[in-house]
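Chain lettering (A, B, C and D) follows the sequence in which the chains are written, and residue indices restart at 1 in each chain.
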Amino acid sequence: MTNLSILVIFPLLTTFAILFCRNVTQIKWTALIGSLLQLTIASLLMYSYYGERAAGNTAQMLFEARYSWYSAMNIEYYVGVDGISVIMIMLTAFVVTCGILISWKIETLTKEFFFLLLLLSVGAYGFFISLDLFTMFFFLELAVIPKFLLIAIWGSGKKEYSAMKLALMLMGGSALVLIGLLATYFNTDMGGGVHTWDLLKIAHMHIPYETQLFIFPFLFVGFGVFTALFPFHTWVPDGHSSAPTAASMFLAGISMKLGGYGCLRVATYLMPEAAQHYSWIIVLLATIAIIYGAFATLMQKDLKYINAYSSVSHCGFILLGIGMLTKTALIGAVMQMVSHGLMTALFFGAIGMIYERTHTRQIKELGGLLKTIPFLSSVFIIAGLCSLGLPGFSGFVSEMVVFVGAWQQPDAFHRIATILAAASIVVTAVYILRAAGSAIMGPIKNEHFNHLKDATWNEKMASVLLIFAILSIGLAPFWLINIISPDTQIIMENIARGAIGN
Amino acid sequence: MSNYSIALIPLLPLATFVVLGLFGRKYLSAFAGIIGTISLLISTIISLVTAYQYFFISGKINGIYQPIIALNYSWLQFTPSVSIDMGIMLDPIAMMMIVVVTFVSLMVHIFSLGYMKGEERFATYYAFLSLFTFSMLGLVLSSNIFQIYMFWELVGVSSFLLIGYYFDKPSAVAASKKAFIVTRFADLGFLIGILILAYSAETLDFGTLIARLTDASSPYFVNAAGASFIGISALTWGLVLVFLGGAGKSAMFPFHIWLPDAMEGPTPVSALIHAATMVVAGVFLVARLFPIFAFDAAALTVVTYVGAFSALFAAIIACTQTDIKRVLAYSTMSQIGYMMFSLGVAKHGGEGGLGYMASMFHLFTHAFFKSLLFLGAGAVIHLVHSNEMKDMGGLRKLMPITHITFLIACLAIAGIPPFAGFFSKEEILLAAFHSNKMVFFVALFTSGLTAFYMFRLYFSIFWSKESHVHENGHGEGTLTMKLPLVILAVFAVFAGFFPIASLVTSDGLALETHIDYLFSLTPVALAVAGILLASSLYKSENSKPQSIATTLGGLYTAAHKKFYMDELYMFITHKIIFNLIGKPAAWIDKNIVDGLMNLFADTTAQISDNMKGLQSGKLQQYASYFFVGVLGFMLLFIYLWN
Amino acid sequence: MSASIVIFYILAAIILGGGILAVTAKKIFRSAIYLLFSLMGIAGLYFYLNYEFIAAVQIVVYIGGIVVLIIFSIFLTHASGKDMEKPKLMSVIVSAVAAVFACAIVISLINNYSFVATTNTAIEPTVKNIGRQMLSTTEHGFILPFEVVSMLLLAALIGSIVIALKPKTEA
Amino acid sequence: MNEIGLTHILFLSAILFFIGVYGFLTRRNMVTMLMSIELILNSVNINFVAFNKFLHAGKLDGTFFTIFIITIAAAEAAVAIAIIIHLYRSNKSIDVNDADLMKF
């Protein structure tokens, strides 16, 4: 598994293969087989990554490959992978496969739907493996544009408005990122006026403190928009609830993690002093996002809005972890990314399946589903329990790691922030149980819910896949930590070197 | 008994949960009950053998019971020094608890075979029951504070699932939600308490945690006690917050509102969870961390006064309740109040440790007779199909075995000498008498009240008016329902004679206790007085209880209405949290933050509207713009640009 | 005050008066006639400057051709009768002020700009000279522009016919 | 007042030019706008002739320029009037503000 670009080329091939399919079943099956093969490639990658690390290869990035795109500006297609990116690729493979499995009943324009979905996944894969800032930005953009079409065409509710809002805000975010990247590019000098986009070289290059202070907000806020940083999170509720199930699974599951990964890899890693300097703002905004998101969810009546707002609150944990700048907190942030990705995908999947059958997402109208569709309702309850942090599921593990990491900051401000963030687990429990209580349990309100059909084979397979992933992290998280901690160690060394620097 | 077989104790119920959970509904629903009961039987036997081996063979090292770490592997390794690990720790209270939990759970399993026969979700019931037993056993055997928190949450969830078993009843769903949210709120305190304690002692493991925080010289203790936040030392904060978590799970005063509503669940569930196991988890937690608590007087006073007040408060309310399960719920809360304050008055080691031993002894005996009471009440409800006292009466002929076992349990809880309750309650009163007079008198008065409301319950079920319940065949229920009642009744009688004093003490040394007859005369007398009062009022149908109720007036209605605690909580949650925080948050998000984004969009649209006005189609306007432009450039280039 | 100055001022008065009246007249036909007088004044000016050929061309093409064409267009668009709408007061004031201001600037420019005349010998702008130079292909002859202009005139001719043609379908 | 110099004629043509501009900007009738354009063109011709006479007597370029301007003015007037007639036929009025289809 030396050549990383298979991860990007293979989904592209599947997208083109879809174009040549004739009828709907062929499209669905090519998409499914394509994504399953992609899943096997991703697990092969992880397996060989493990092998490589076990064999004692301590290079920061493995399976590197470098092709020059545009030598004048020194832009290269430079790819490499480390622990964090391997995990994120696995997450993407899982969520995309389950997304395809769940969107089995898309009747209108199925070819275009699957084409766009897989194009999104190409963007995500590319983003996670690229180490050249420009290529990273290229794939980031690739992962933004198809979203607009997916929501605008196959969405529900006021889909044009939310598609437009989502696309514009994400574009705004990536514009900020572009400014940040350009500023970084022009501040690196490899001698003789030559600049570089290479992530690793820039990390070792000491960007002067003042320029860091200037560039960091652009990068962090730009990527923050992707991860629902507090003031820029308003696209999340509308965007997610109007998106079709598979798109909202991808949106909440992966595209919000692009931002988190970007903040960690680009903003904090390259500009440690600025991360140190701005860490209190990040912690403040993250805590507001967590508490504010949780309380706002209390009032939501629509299931998808509940999960969207809870994603805002859970992504707040990612930013809290990054803002705390301790090794455990960073590990917690990465684990929260993975666990939230899986759990919100499962939650959106469950809501989508329920919506497909009952055609309503209002809590008031739903009721007593546990009796008629037991499998789906238990999937919904499992997703709910996972997101409120029940031990045994990944939600609990990642939140606890973030809390333990956050608690290592001794001063009062960080302590209060951690306590407030911890308080959100109560509010999360309240809104999850209100949703589950009235939507799933309770008497049947609408008589035609009596004869609903339970999950079909593809929905069962998708939920089992996701639940297996959540349990594997929840019950035995050590494999995840062993793969992540060496990389957070490297980031921490950079931050420590930064702290001495200024 | 090898260490791995000890691990079997919690893992067997887990295995049943997984098996019944996955395949229960379709394939195994017929003999789900049998599987559950058998696996639990094996688990009980193993735990009895382990306990026996610990207490009488391997546990005692030169006279002191040492905690043995049976099994330990690191679950979450952050840095080489800091790691969260899972392990099994054997120590006196853990051994006692696994015996109590597995035994009572077995009784409930057997009882449910008969009680839940008709249920359509029979397999899921047994799945959740074994999940609960697994998490309770895990909680009891855990070796570090983080692991106990994990099982703590699992216990909370399984109680949520079990209370909400009849999920098509909205009241059951609301009750399960309330239970989970209130305990979750308390768990938040517990989590922060863990973080404080674990951070100041730089370890999660119980043994090292206690060692580091109890010797005054250690640097950890110094900075923990030193670092203060609003005047109270970090150590006290940690301990009070941990106690807060315990109070939530044990339904102590501020967090008791979920216990009466938890009666919505099936009665065997209440027997298991809300009598013997889950509610004593709080007491177990305080007992587990007792050496640190004993070191910090402030935390102990909090424990004492919360315990005492809850005992009194619950006893008063219990006297006025009409639903038999709610009476038993409040009596549980009162008895746990007893255990809490007896821990509160205890000191670490030696004679002072009497409170600790008494609390554990009472926990032991209480588990038996309280689960017996609940199962008896379950049998009665099974027959009468209603929880209200007024629908019952004169059932002693219809249900002879239930009647006798219920009577034994009432005598035990009232503290009448030969029965188990007398011995453990005497120890508690003795411990309270030695250290805190005020608490002693409260305890004395509450024990009188306990006798009164228990026998009020007993007479109104089995005596008062003639039973008008039509004989509908299944009478007192199948053998599987009667067998546990008898076994528990036997234990309710002989549990008093168990040598707990020599086995379970705060410092591991045996504690010789003697029954001081003179001292125990007053509580017994009070108990007998309570019984006589109850029989005079309730033995036969008469108007006296009604007249007393009217004379008491306000106090009676308040007590009947549970002192308006539910309304207070409803007010806080709905009025304050939902209206003053939830709605504004949602409103702000929709209007201000979202509004801001829409504002950007609207302003750009506005600007573009104005700009396009320039393209008016009027030829002469263009000409004049052109002319003025040329003029401007002419001026610029000729005069200004030099 | 020699005679030529007086003549010049008379001509100037005719030109400017005709121009102003052409621009401000109420009735369209009257403004066409004032335009006619102004163009005649200009032709007079050319005579005054001894450029007879250009004056002749001016009279023939401008006055004979364009003004007549304009008068035709007035008839064709039935506009001769009623008064023309008065322009909006605002635009009048603005354009008047702008025009006067610009005119003042140009005049001040002309004043303080010293025009340098070339010293080489003058050529009489007689028809012969003009004709010889117009068609000569050698030194800076104007044969090419001459041919291009003829094509332009042809194109304009055809264009205006096509545009102004009354479509057959219309009654 | 001494001899009539170049500047006098230039004044004259400047004034005439700005009268034409004023006329073009204020007149609402297309035909009169055409007339003001003619005035502007004529003022330019005067300039050329004046420059040819006073400054560049040795060459006849000014004259030729004037001739070409006159011919082009004629062509332009013809096409303009054709358009005006066509416009008149389509929207019955030759007010320049009515012909404002080419707008936002």
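One rule holds in what follows: contacts are C-beta pairs under 8 Å (C-beta built on N, C-alpha and C of every residue); 3 or more make two chains touch, one makes a residue touch a chain.
In this text, all values refer to a predicted model and were calculated from it rather than measured experimentally.
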Handout entry: Of C-D and B-C, whichever chain pair has more C-beta contact pairs
Key = C-D
Problem - Centre-to-centre distance between chain D and chain C (centres being mean Cα positions), rounded to whole Å - result: 6
Practice task
Averaged over CA atoms, how far is the centre of chain A from the centre of chain C? Could you give it in whole Å?
Solution key: 75
Problem - chain B-chain C separation of Cα centroids, rounded to whole Å - result: 106
Problem - Euclidean distance of C-alpha centroids - chain A vs chain D, Å - result: 69
Problem - Multi-chain contact residues (two or more partners), chain A - result: none
Handout entry: Multi-partner residues of chain D (each touching 2 or more other chains)
Key = 21, 25-26, 28
Practice task
Among the residues of chain B, pick out those that touch two or more other chains and give their numbers.
Solution key: 620, 624, 627
Practice task
Using the contact rule from the top, write out all pairs of chains that touch.
Solution key: A-B, B-C, B-D, C-D
Exercise for the section: Over in the complex, which chain B residues touch chain D? Could you list them? Expected result: 612-613, 615-620, 623-624, 627
Problem - Touching residues (chain side chain B, partner chain A) in the complex - result: 25, 74-79, 82, 84, 146, 149-151, 153-154, 157, 160, 164, 167-170, 173-174, 176-177, 180-181, 184-185, 188, 191-192, 195, 199, 229, 577-578, 581-583, 585-586, 588-589, 593-594, 596-597, 601
Handout entry: In the complex, chain D residues that touch chain C
Key = 1, 3-4, 6-12, 14-23, 25-29, 31-32, 34-36, 38-39, 42, 45-46, 49-50, 52-61, 63-64, 66-68, 70-79, 81-86, 88-89, 94-95
Problem - Partner chain D, residues of chain C touching it in the complex - result: 1, 4-5, 8, 12, 15-16, 19-20, 22-23, 28, 31-32, 35, 38-39, 42, 45-46, 49-51, 53-54, 57-58, 61-62, 65-66, 69-70, 72-74, 76-77, 79, 84-85, 87, 91-92, 95-96, 98-100, 102-103, 106-107, 110-111, 115-118, 120-123, 125, 129-130, 133-134, 140, 142, 145, 149, 152-153, 155-157, 159-161, 163-164, 166, 170
Exercise for the section: Sort out for me which residues of chain A touch chain B in the complex. Expected result: 165, 168-169, 231, 233-235, 237-238, 292, 295-296, 298-300, 309, 327-328, 331, 368, 370-371, 374, 385, 388-392, 396-397, 400-401, 403-405, 407-408, 412, 418-419, 422-423, 425-426, 429-430, 433-434, 437-438, 441-444, 476-478, 481-482, 485
